[in-house]
Amino acid sequence: MVLDVSKQPQLPTTNIIQPQLLAASTDWFEYRVKAYPHQTDYAGMVWHGTYLTWLEEARIEWLRSIGVDFADLVAVGCSMPVVELSIRYHLPISMGVEAVIKTRMVEMKGVRLNLENEVRSPDATILYTTAQVTLVTVDLEKGKVMRQLPPVMKDALEKVRG
Amino acid sequence: MVLDVSKQPQLPTTNIIQPQLLAASTDWFEYRVKAYPHQTDYAGMVWHGTYLTWLEEARIEWLRSIGVDFADLVAVGCSMPVVELSIRYHLPISMGVEAVIKTRMVEMKGVRLNLENEVRSPDATILYTTAQVTLVTVDLEKGKVMRQLPPVMKDALEKVRG
Amino acid sequence: MVLDVSKQPQLPTTNIIQPQLLAASTDWFEYRVKAYPHQTDYAGMVWHGTYLTWLEEARIEWLRSIGVDFADLVAVGCSMPVVELSIRYHLPISMGVEAVIKTRMVEMKGVRLNLENEVRSPDATILYTTAQVTLVTVDLEKGKVMRQLPPVMKDALEKVRG
Amino acid sequence: MVLDVSKQPQLPTTNIIQPQLLAASTDWFEYRVKAYPHQTDYAGMVWHGTYLTWLEEARIEWLRSIGVDFADLVAVGCSMPVVELSIRYHLPISMGVEAVIKTRMVEMKGVRLNLENEVRSPDATILYTTAQVTLVTVDLEKGKVMRQLPPVMKDALEKVRG
């Protein structure tokens, strides 16, 4: 499988969020996590790479919440690799602490989705981490970016976009 | 330990690389890796979070190459958490494939280091991934960003900067 | 920290379960999981090491269910490293599949705990994995196995044992 | 893919090593590792599940050393899942410490391989961990244990067995 996303047309950076899209993304999907020993490092805090597992889990549950089963998608030969990810660590999370991974779609342009995440304390007062993640839809067999979203996904995402 | 990096003065973003600093970063440090099963996912490719383990390992070996032993640094109460990370996945890496993680310092400003990474094929012709990573030096006991770099580190990094 | 558990007196193997202890372990604690992409490998199944993260999470939630907060335990200088682990993989788990991690105490002898795990389908009809895990209680500062369990833990575990 | 290894004929446990097989396994294959932050936990030691990544990497390099490329094996539809694993943690490994993962075949019976591992200090004086791992050869497409080893593998392993 060879997947060349470098030749795909470039999107504007995720910092430039168009106003009409912001309107669509007011609802955050929330996914609860807790920091276990295997996710910590020598400093007693969650290791910085652990957040990518949480973002992924939150993303898949967000998809499920809008009617898309990720395993079903893969079963029909479609995958959604991350092609770009930016993350800022504002405050560390100690072992045993619970947090909420917030997820929302910022933009959908062809087969490219821009999502936004916040990691917050359950009462929302503490902001631990912020992230932007870009995904594309890929044909697993051909190893190529798809020309358009699979219908089930397009329908689900357009409903979210409002 | 409470580490509030959000109140630290903001650096210019890593996209704005000052010319005099670029000159200092011509030498890449290279660290060799290979994709093992535990690093792949259902698509048979390296899972996107695996790259953060490779970047970390490469960073620690780069530090060692300029005379800084990371474990010694931690032993004297100093840590270097990642506070910001951006990564772009240009091409996926299949299981069994070897790659080189290239690392160089782009900027050092107080206790903040901006590093740059490329993941390439051993013959350098294929660019798989690019990343920017920002680290700060933290006092592990106080859980606070240090006012200045530990001397051993400052000396080593200034030599790299030329 | 140097922890030499090899010099500890050897327990009978976990296969020899004493009858009076079996009586105490009829209740399984159940912890629900789901297989996400980061936990799979190239074969599209959960990677065999992933189960150790699930066993750990289940163990910590089991402790919480009997009144022991693991993070609190660590905060007072006590840790519970795994010193022995055996696992058999009967059937693989595919991406997206949900499972239940079942946990119960088989034996408590001094500061050594023998736990038993089963990974089953939510309806309990499929047995994916079985495991035995031995833990000891360690003084984090001294890096040594403790002579006796911390009181909070001893009380909680004796209640479980009945 | 459904893989039912539970119905396979049971081997004698790995503790009962037959004398004629021991003779064949005098040569250990050595694979060097180093403990990085992402592999540690809150106690500043290597997290117990990390060893399974090291055992896997060592196993794949051992296979390569006898002429079997694991990625090639997978490319022709053959996989080698772990079906049983026992590990004892004698002494913990601190961050920054280097170790050697020693691997040797103890027994080959049909498509079942029993391997043995030791994790030692580079000078071999400290024994950190011991492990036994059982693998079977599986047809990835059918999801079933193969009736016999792929020829390339059988030839390579029989040479090792002497």
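General remarks:
Per-chain numbering from 1; labels A, B, C and D assigned in written order.
The working rule: a residue touches a chain if its C-beta (ideal position, glycine included) is under 8 Å from a C-beta of that chain, and two chains touch if they have at least 3 such contacts.
Keep in mind the model is a prediction, meaning the values are calculated, not measured.
The chain with its Cα centre farthest from the Cα centre of chain C is B. Taking each chain's centre as the mean of its C-alpha atoms, chain B lies 35 Å from chain C.
Between the Cα centres of chain C and chain D there is a gap of 23 Å. Each chain gets one centre point, the mean of its Cα atoms, and the points for chain A and chain C are 32 Å apart.
In chain C, the residues touching two or more other chains are 37-38, 42, 44, 49, 52-53, 56, 74, 94-95.
In terms of inter-chain touching, the protein chains here all touch one another pairwise.
By the touch rule above, chain C contacts chain B in their complex via residues 37-38, 40-42, 44, 47, 49, 95.
Chain C meets chain A in the complex at residues 36-38, 44, 52-53, 56-57, 60, 69-72, 74, 94-97. If you check the complex, the residues on chain B that touch chain A are 1-6, 42-45, 48-49, 52-53, 56, 74, 79, 81-92, 94, 127, 140.
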